[in-house]
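Shared between the two complexes below is chain A, which pairs with chain B and chain C, respectively.
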Partner chain A sequence: MKEGEQQRVPLRERAEWSDVTPLPQNDGPNPVVPIQYTEDFSQVMDYFRAVYLADERSPRALALTAEAVQFNSGNYTVCQVRIKFFRLRLFLFISSLLQVWHFRRLLLESLKVDLNAELDFVERMAAGNSKNYQMWHHRRWVAEKLGPEARKNELEFTKKILSVDAKHYHAWSHRQWVLQALGGWEDELNYCTELLKEDIFNNSAWNQRYFVITRSPFLGGLKAMRESEVLYTIEAIIAYPENESSWRYLRGLYKGETTSWVNDPQVSSVCLKILRTKSNYVFALSTILDLICFGYLPNEDFRDAIDALKTADMDKQNLDDNEKGEQQNLNIAQNICSILEQVDPIRTNYWIWRKSRLPLSA
Partner chain B sequence: MSEESERETNPPPPPPCPTVSQREQWMVESQVFQIYQLFATIPRNAQTLMLELQRDNHMQYVSKGLRHLSSAFSVLDANRPWLCYWIFHSIALLGESVDDELEDNAIDFLNRCQDPNGGYAGGPGQMPHIATTYAAVNSLITLGGEKSLASINRDKLYGFLRRMKQPNGGFRMHDEGEIDVRACYTAISVASVLNILDDELIQNVGDYIISCQTYEGGIAGEPGSEAHGGYTFCGLATMILIGEVNHLDLPRLVDWVVFRQGKECGFQGRTNKLVDGCYSFWQGGAVALLQRLSSIINKQMEETSQIFAVSYVSEAKESLDGTSSHATCRGEHEGTSESSSSDFKNIAYKFINEWRAQEPLFHSIALQQYILLCAQEQEGGLRDKPGKRRDHYHTCYCLSGLSLCQYSWSKHPDSPPLPNLVLGPYSNLLEPIHPLFNVVLGRYREAHEFFFTES
Partner chain C sequence: MGELATEKHVRYILSVEKRKDNFESVVMEHLRMNGAYWGLTTLDLLGKLHSVDVDEVVSWLMSCQHESGGFGGNVGHDPHILYTLSAVQVLALFDKLNVIDVDKVTSYIVSLQNEDGSFSGDMWGEVDTRFSYIAICCLSILHCLDKINVEKAVKYIISCKNMDGGFGCTPGGESHAGQIFCCVGALAITGSLDLVDKDLLGWWLCERQVKSGGLNGRPEKLPDVCYSWWVLSSLIMIDRVHWISKEKLIKFILDCQDTENGGISDRPDDAVDVFHTFFGVAGLSLLEYPGLKPVDPAYALPVDVVNRIFFTKEGLK
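Now for the complex of A and B:
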């Protein structure tokens, strides 16, 4: 047992619970998927059921919900043996102790508990296992009650979690809610820049960046931010052309404005630049392909750069420089698909499909 | 290339130290490639053995969970209908069934999870939740039979769904619970399969899902969040079920989802995240759905590429002859409001029977390779990736993904695939599923007959 951890006294041996008859879960005579609950867990739940059913709004009920929640916070010390609970971190639908959290909220309201203390409690629970919808939902509820005064704390809290797991879905989602409901946008773009400086492949940070530039009340929206963001993104692309996040972000900067995207020379020229390095050019090629499908007319430099990527065994018949205009574009697009079929074999079916769906001259 | 241009394109200086994302990715890649390299060097008969789906062991592993789960499962106390679904669905995928007594016990147990006011809770006497309702309903459909199907109180369930419905179009997961894309999917899915879907439930759901499609092309859990495989499947399936899938940007969605399959051969859940076996279903399922939307996708591509007409006239004609998928895109003739209740009521049924599937857009053999060699534990059960432990959730979704792969070239959902499309021995072939609900097709058909002819 670790220092500071007290031996747990079973509920039925505690004087303050002697008046309560625990209520076991009615699983029926022959339940399927029966869980061999530990004695401690089932006992806490049995007492919880009793107070829940009696709707007992008391401090001891509140303490009981805390005990129950602790079982789900990852490692739980029972009889000096650490039991590592099964974790389904990635499972989207997992929920835990719905009623416990729900009842806890009722208790917090009835007993007029200091909600700042509740934030501390949740933080301690999150230290064990923070991938749990109920906990985050609960935290949102508490922060909402506290209002703007909770802003700083909530931004700090999520930052702490993100410093350990920078792609934590719940933490990001909570942070976005905080920004929208309580404010605190001022430093958010810098925060994104900081995270991307640490890990330019962190797609969650890119997503947050997009969230900030499109929704922050201080930045003027996507259109106002586009110029500087394009420069930032192009720099990121040149540093790591294999980074899909930055390519998708670049495209996102022109969301709903395909014409500006097609006509912005910065987009096509970064593609050309990457193509000419002859390495990590899948996203550059795929971007050019999309551009052409939306009417972009590649010049001779592009044709040369793409030509240089064709392998010896690749079908040369498409490459006919005598073709003019749209037919020539179609040829280039076909060549791009052929190259991608080879250099990006996991997506061969996709590139074949794209090739079959290329726009034709009318 | 001219010398001049070569000078222009000096490679960037070598990157400093690899980032967290890079390190984690390289570690997983090296583990996976080690397995593939080993596979490439062993004799053919050993390869066949390695690719074999360990049916008996998987069966044994999941069946055991029906009768006993250790205390480590206490955290899943509020998810027992899910455990039922993962296990019964895995058994059904393997083409097996459980004995009558166990089946009766399961029906009885799930009935104890059914709330008197509608919906199913995570355990007896707990609070009803839409996701566990979905798991319970899918379990009961998978068990099949009159007793099982008749045990669902549809009127009360409808009332529960209406209580969870929000003005913004979304659903809450439970009383005062969170609102997100999962809740939309699980609500619409059960309503559709039980034939209780109506205009009230559908209202504004489409707008909510559309607001969750991100700049990347995939769908997020809430507006503003990051595109994610699980939510993308849920959002896409919901849009199909309510007949509004044409309102999503499908070409961008296709592009996002096909890029989630990596050189490890499996799918990742988000851009620059690690491969995970369970996305074989969430992402693979999204691609399988998209495979049947080709006429709508073609139309969107045609509309968006402004300069040219698009070159697939013959195919478009063909797909219109063979199917009626355009009849279900309700927004196609905006303003004419030709949507009547019959439109969405039969979508799920028509989707598999009439909507023509094009060829798969992902690499089906590669994904089967990842599932069989990297996600499969020889002793039974499937997992996220090498080095992780098996669990019932991953077993269910890896097997679901494997089934999708095996039938991915089939024009009709249950015509048996050619041997070269099933990786490993042909005995690996699983039962086909209905991709909108993820229940085995035969069981879906039985439920459809039950719920659609009864009333």
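Now for the complex of A and C:
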């Protein structure tokens, strides 16, 4: 337990709650599981049920909901396995707390509470545990009520969370909502650049970057952004060619325009550059393979670079200099697949499948 | 490589329901409906569903139903679409779908569909593709898919498709294996898999396998047993499961077992829980591990249960 929590006074010993009879959880006629809450939490919930059923819209009820939801935050360390349990979050809500959050919103409305104070409350909670669907949903409800005046605050709040966990799914999701509902797009591309500078492998930041260049009302859309984004991405790829995210982003920049992708010399030359380094070339090879499948004709430089990657024991299609055009391209594509089968053994079957599906014209 | 410690996992699951003194039991209290689904489905896949008193479970489950038709996570809790699906799935396991008022459950779910085709999780309006899957899966089990606007529901899911072939929680949201399962599952159930870029998505999904053999949910994240379900079921639904190394994944899941006390954890040597035990066993079932009942990748129920729902007289009503 953290410091300060030892002083917590149980509800049944507090004067302001002496008129309320706590209401224990009813597990139904034949409880399959007689489960026991830890004592403190169970007591708070007993009082909550009493207040909830009486529909008591009072400041003390509001304070009680705060106490209850904090049990689900890091402010209250139930035991050391807590952290692990938050991994369960994807499909989970804590259902009785669902009710607490709901009731809290009703109270906020009835009591006309200053919603900025509520944002502060959520922020304090998030400092303990920010991976809680209900908290984020609650936060959005409050921000929506406040409208554009909440914009700055919300962008700052998510930034703070992302500074601790830059791939925080809830925080990104909230941030995207803020941008779309309340605005604030102006600095977002710079923000993505900043995060990618810290960690170029951050797929969430790449996703946000794509979100911004395709949806920001200020940037003119994908086509307008392509030229500068291709340059940015190629630089990122050259720095870390093993980065799945940057390669996918590069492909995404040509969404719906495969022909421009195949014909853009920037794409093929970055591949060649990586192949020639002979290290971390899996994505470069697979990109070349995709390009060939869409009609790209690799020149001699490519053939040499790919040949240089072949190992002695490889089941290779020997390139006959007399073969021209289609047959030669097919052989190159087959060689690429053979190399990938070897250097990416966990996905061998995928590369074998790719080899079996090569178009004859490749 | 060890073997699946079936007996121990059965004992572990039965014990989770009885223990009172640890944090897991406290958490499970609030997720009892989900816990029931995970635990009971695991027991069924292991061939041990008969060790449970059906009437007891069903009577508790029915007392979790709210007047709106939705189910809560436990008695007296607010209804949510998440618990409603778990409740319907548990009833399906026990072949007890006849105890619910289908129209009532259906109208609860129908009421959660929004104008754009998406679904909210409850009356408070949070929107997420998880809820689209839940609504579609639940209504399909109840033979009431025609009560929602399927075309719009599918359109919304497709609007969440990303350039990497994956899906996020809302349009523009990052691709995540959990959300991909939901979207692909919903598209499979509605017969709309032709809208998935199967090769592109399949490659993204098979890139999720890391050296240890385990699967992660997003690039550069740690592997976790629960993705054995989300990634694997998606790969099966789009017919690309042969692209990953099954042997290595089986080994990873088996390495996450607590071979002394039963249960499966997220990663080797971590503490076990019922959630990961379910996803581990269900993952092994998808990998055709011997001795396990086959599980349906879209409905997340044993195949014989799904067949009973759709291919028997009672199922067809």
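Heads up, the rule we're going with is that the second predicted complex is superposed on the first by the 321 of 362 C-alpha atoms of A that agree within 3 Å, B and C clash if a C-alpha of one lies under 4 Å from a C-alpha of the other, contacts with A are read in each partner's own complex, and residues count from 1 in each chain.
Throughout what follows, contacts are C-beta pairs under 8 Å (C-beta built on N, C-alpha and C of every residue); 3 or more make two chains touch, one makes a residue touch a chain.
As the structure is a computational prediction, the values presented were derived from the model and not from experiment.
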item: Touched partner set for A:356, first chain B, second chain C, both or neither; value: first
item: Partner chain(s) touched by A:273 [first = chain B, second = chain C, both, neither]; value: first
item: Which of chain B and chain C A:255 touches, first, second, both or neither; value: both
item: Residues of chain A touched, compared between chain B and chain C (which is higher); value: B
item: Which superposed partner A:216 touches (first chain B, second chain C, both, neither); value: neither
item: Partner chain(s) touched by A:110 [first = chain B, second = chain C, both, neither]; value: neither
item: Which superposed partner A:153 touches (first chain B, second chain C, both, neither); value: neither
item: Touching partner for A:263 - first (chain B), second (chain C), both, neither; value: neither
item: Which superposed partner A:166 touches (first chain B, second chain C, both, neither); value: first
item: Contact residues of chain A, present in both the chain B and the chain C interface; value: 25-28, 30-38, 41, 49, 84-85, 87-88, 90-99, 102, 105, 133, 137, 167, 169, 172-173, 176, 201-204, 207, 210-211, 215, 244-245, 248, 251-252, 255, 345-350, 353
item: In the complex, chain B residues that touch chain A; value: 1, 5-6, 8-9, 11-12, 15, 19-22, 25, 65-80, 82-84, 87, 101-102, 105-106, 108-109, 112, 121-127, 129, 131-132, 135, 173-178, 182, 186, 214-217, 221-222, 224-228, 230-231, 254-256, 258-259, 261-263, 265, 269-273, 276, 278, 298, 301, 304-312, 315, 358-363, 366, 384, 391, 393
item: Sites on chain C touched by chain A in the complex; value: 17-18, 20-34, 36, 53, 56-57, 59-60, 63-64, 72-78, 80, 82-83, 122, 124, 126, 130, 162-164, 168-170, 172-176, 178, 202-204, 206-207, 209, 211, 213, 218-221, 224, 226, 242-245, 248, 266, 270-271, 273, 275
item: Residue ranges of chain A touching chain C (in the complex, touch as defined); value: 25-38, 41, 49, 78-79, 81-82, 84-85, 87-88, 90-99, 102, 105, 133, 137, 140-141, 167, 169, 172-173, 176-177, 201-204, 207-208, 210-211, 214-215, 244-245, 248, 251-252, 255, 345-350, 353
item: Chain B contact footprint on chain A (complex, rising order); value: 25-28, 30-38, 41, 45, 49, 71-72, 83-88, 90-99, 102, 105, 133, 136-137, 166-167, 169, 172-173, 176, 180, 198-204, 207, 210-211, 215, 238-240, 243-245, 248-249, 251-252, 255, 258, 273, 276-277, 279, 286, 293-295, 304-305, 308, 326, 345-350, 353, 356-362
